[in-house]
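For reference, the structures are reproduced in the following blocks.
Two complexes come next, and they have one chain in common, chain A, joined by chain B in the first and chain C in the second.
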Partner chain A sequence: MEQPFSLTSEVRDGTLIIATSGYVNNVGGEAIAAEFARHFAGGVRRVVINLGGSKVVNSVGMSFLIEIIERLQEAGGKLVFTNLDPAVEKMLSIMGLFQFAGKAPTVDGALGEFAASGGTP
Partner chain B sequence: MSDAVTMKMTLPKIPDIELVALEGLDRLARHLGIADAKIAEARIIVTEAIVNALEHSATEAPEVAVEYTMTPTELSIHVRDNGRGFAPEEVEEPDIRSKLGTPNKRGWGLKLMKSMSDDFHIVSDGSGTTITIRKLLR
Partner chain C sequence: MTGGSAESVRSRKGEIESLERAFRALSGAGTAAELAARLHASLSSWFGSPVRIARSGTAGWELLAGEPGSMPPEKGGGLASAEGGRLCMVRATPDGSRYGVVVDRQEPGEEDLTALGLFVTVFESLLREVIARKHEKDLIFSLNHRVLQLNSLIDTGIEVASLECRAPHHVALERAASLTNAARGVLRVSHEGRTTEEVMFPVGSAASPGEAGGRTIRTSFAFGGGCYEFTLMDKESRQGPVSFDGTDQLLLDALARQVLASLENRYLLRQALEKQKIEQDLAVAASIQQRILPKALPRIEGYDIAGINIPSKSVGGDYFDCIPLAGNRLALVIADVAGKGVPAALLVSSFHAYLSAFLEAPVAPAALATRLNSVVARASTEDKFITAFFAVLDTSTGAMETVSAGHNPVLLRTARGELKELSLGGIPLGMLDMEFPYQSETLTLEKGDRLLLYTDGVTEAFDEQEKMYDSASPLRDFVAGHCPERAEVFVRDLIADVKRFAGAAPQNDDITALYLIRT
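Up next is the complex of A and B:
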């Protein structure tokens, strides 16, 4: 059985890294959005969401991530997804999220892209 | 179809009940020796189907009937709710560009189920909605 949702976060070189574990449903999506909002209010504009610990997600949970993309776009920031299960990656692709967000195999890969681009991969 | 195994369940509307259906899906796959990666997309389809159905099920005694038939190469999924039904052809296909800047970011369930299935049928009337999905387990 999929584990209950939890998340951890850290800020590394000005980039917020949120790592999830367990089922990302409406509660999980809302928790990710709340964690993002807290750091966004403090000026963070680069965000990495590591979904490697979440093999099950639903579209209600993912819809909260559209809100994150929207706010980052308005502020000139960017979101990058990492460690995606292939099925979850396909889901996000069908939803069109990669038109406005990036993806990288790992968190370090995402941070490297941010650094190479001087801020936005 | 001699290798086929069938599972039926009726799910009440309680938080995260779709995970019970996923547990059943995992058990069937394990019984048939199907690798976890091969049912990964099916898990998303089932999740969306049940979450969608429960959201639109009856306000009194809401429940969703789920039936799987799985073979080593194919999964058939039936999901029926006891809601008031809707007109599927009138549901506008969501688009990320139209979601940005608006308060409603939801409404992706049908698109995801259709896009991730190998065959998708929906029948809806005043007594509920039935979704029938075929997914090849490649």
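Up next is the complex of A and C:
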């Protein structure tokens, strides 16, 4: 059964990496958005969200993720999701998130993609 | 054109270009708040005075941009107006909101009113676009969410139906909570009013419902003597907690039904597997039973002997044998264990082993019955016993000693046409754990005498109307009236008669018969 929400974050080579654990709902979405906003204001434009610890995401949580994608798009940045549980990956896909965000099996894979694109998204 | 006119035209042209730049600056805003901020910047620049943009909410005007100050009039019209040292304009939008603009200006002119009117008209037009885009986005999100709900409902149905899914009710709770945007949920399983399982989603969340009405939905079903109750609490939205709707209840009900179907299927599968296991055990038992029955009967000069055992589908406990003993003697045995299945097969197997052991040494039938009664009583449970008939025949003289341990009367048809029943003996074997004194009877088989040993599978065969063979067509009559030359023919005809009587009715018991003719 899903755990209560928590997250950790780090910035590696200019990329914000947020790792979540637990139910991504209103509380979880707000926490992710707040963490993103803090670093976005500081100029971060590349973001990796590792959802490996989250097996359940509701649509309110997803709306926060969509907002992050939109803000990054407007600023010429990019978001990549990693470590997706198959059920979560399907949910994000149906909700259309991968039209504007990337996905990678691992955080290192996502960072590799950023590096391969010359450090730009 | 005079110099003054040319100057005036240039000035007008400059104003128009300046307005166009200001209008362009307004476009491209993604949200109403962002658009208001841009309008504020443009108006501040145009008028060089303090500007306030406000939106009418439930608590009156809400300032969107600008420093706090006087707000627009509550009943402002659609036209720009000048009053009390300020310019005001209020417009209603398609989503039901009202936006108001206030420009502090001590002596506003007609040009100011016109400029404000133009700015607000452009703002209103762009605001309609922003609102339409937001509606479109919300609609797409809502449609995608509906697709997601349906897809997840199907996926969950498949997942909970899988035998690899260890706890389908846990999966359903998790899915129901996420699909309905419930902040939390609880599953309670109770038996006779006592909670036997309680699962919270997410782990550690409060199990009691929220205090606000309408913030909880429930569904439940009964299965296996237990009650499974799913409760979802505190539906979330970006605007704060909201009430669950009819669709949420439908989803929860549908997911619960999937769990019920899964539990029922698992139960039926377990039953089928258990039945299969029992059938396998019965097949083994039947195999054991068949192995201890004689494959061929001995050929004894002066006698013709035939026997048959037709097992029923459920393993019974019939037994017969024809065992040559020392000194031209022959033991005839038939037995029937009370009950069916593996226990009966095991008991008849034990009976066979004891019988073989006891016949190693010379023993009278009555003493044999006494010894067998004791060992069977110790080897069986209280409800298990064996009816049996033993005869020891001196094949050279025809002298025979018999004992019946509660078995069906053995029928003797003499060459002269008389019919006698041999039933002297005692209680069925194993019924009482004691040295029971069985009685035996002696007689002499003459040439042409015939002896039929049988089990109740013959006499108690039922037809489709549930009539019993022996009551409708007494076996005694058949034995008395049917005297073929060969024992084998008699047995074949007897079985044919029983089967003809039973018709399509299933055979519920083993049918066993042993027939001897002194030729």
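Everything that follows uses one rule, which is that the second predicted complex is superposed on the first by the 119 of 121 C-alpha atoms of A that agree within 3 Å, B and C clash if a C-alpha of one lies under 4 Å from a C-alpha of the other, contacts with A are read in each partner's own complex, and residues count from 1 in each chain.
What we mean here is this: contacts are C-beta pairs under 8 Å (C-beta built on N, C-alpha and C of every residue); 3 or more make two chains touch, one makes a residue touch a chain.
Values in this document were obtained by computation on a predicted structure and should not be read as measured data.
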| item | value |
| --- | --- |
| Three-chain arrangement built on chain A, chain B and chain C clash or fit | clash |
| Partner chain(s) touched by A:Q99 [first = chain B, second = chain C, both, neither] | first |
| First, second, both or neither for A:A87, with chain B first and chain C second | both |
| Contacts of A:V44 with chain B and chain C, given as first, second, both or neither | neither |
| Partner chain(s) touched by A:I69 [first = chain B, second = chain C, both, neither] | first |
| Partner chain in contact with A:G22 - chain B first, chain C second, else both or neither | second |
| Touched partner set for A:N58, first chain B, second chain C, both or neither | both |
| Which superposed partner A:E2 touches (first chain B, second chain C, both, neither) | both |
| Steric overlap of chain C with chain B in the superposed model, located at which of 5-13, 149-157 or 275-283 | 149-157 |
| Doubly contacted chain A residues - partners chain C and chain B | 1-2, 23, 25, 55-60, 63, 66, 70, 87, 90-91, 94-96 |
| Touching residues (chain side chain A, partner chain B) in the complex | 1-2, 23, 25, 55-60, 62-64, 66-67, 69-70, 73, 85-88, 90-91, 94-97, 99-100 |
| Chain A-touching residues of chain C, taken from the complex the two chains share | 30, 140-141, 144-145, 147-148, 151-152, 155, 170, 173-174, 177-179, 181-183, 199-205, 236-238 |
| For the chain A and chain C complex, residues of the former touching the latter | 1-5, 22-23, 25-27, 55-60, 63, 66, 70, 74, 87, 90-91, 94-96 |
| Chain B residues touching chain A - in the complex, by the definition given at the top | 16, 18-19, 22-23, 37, 40-41, 43-44, 47-48, 51, 94-97, 99-101, 105-106, 108-109, 111-112, 115-116 |
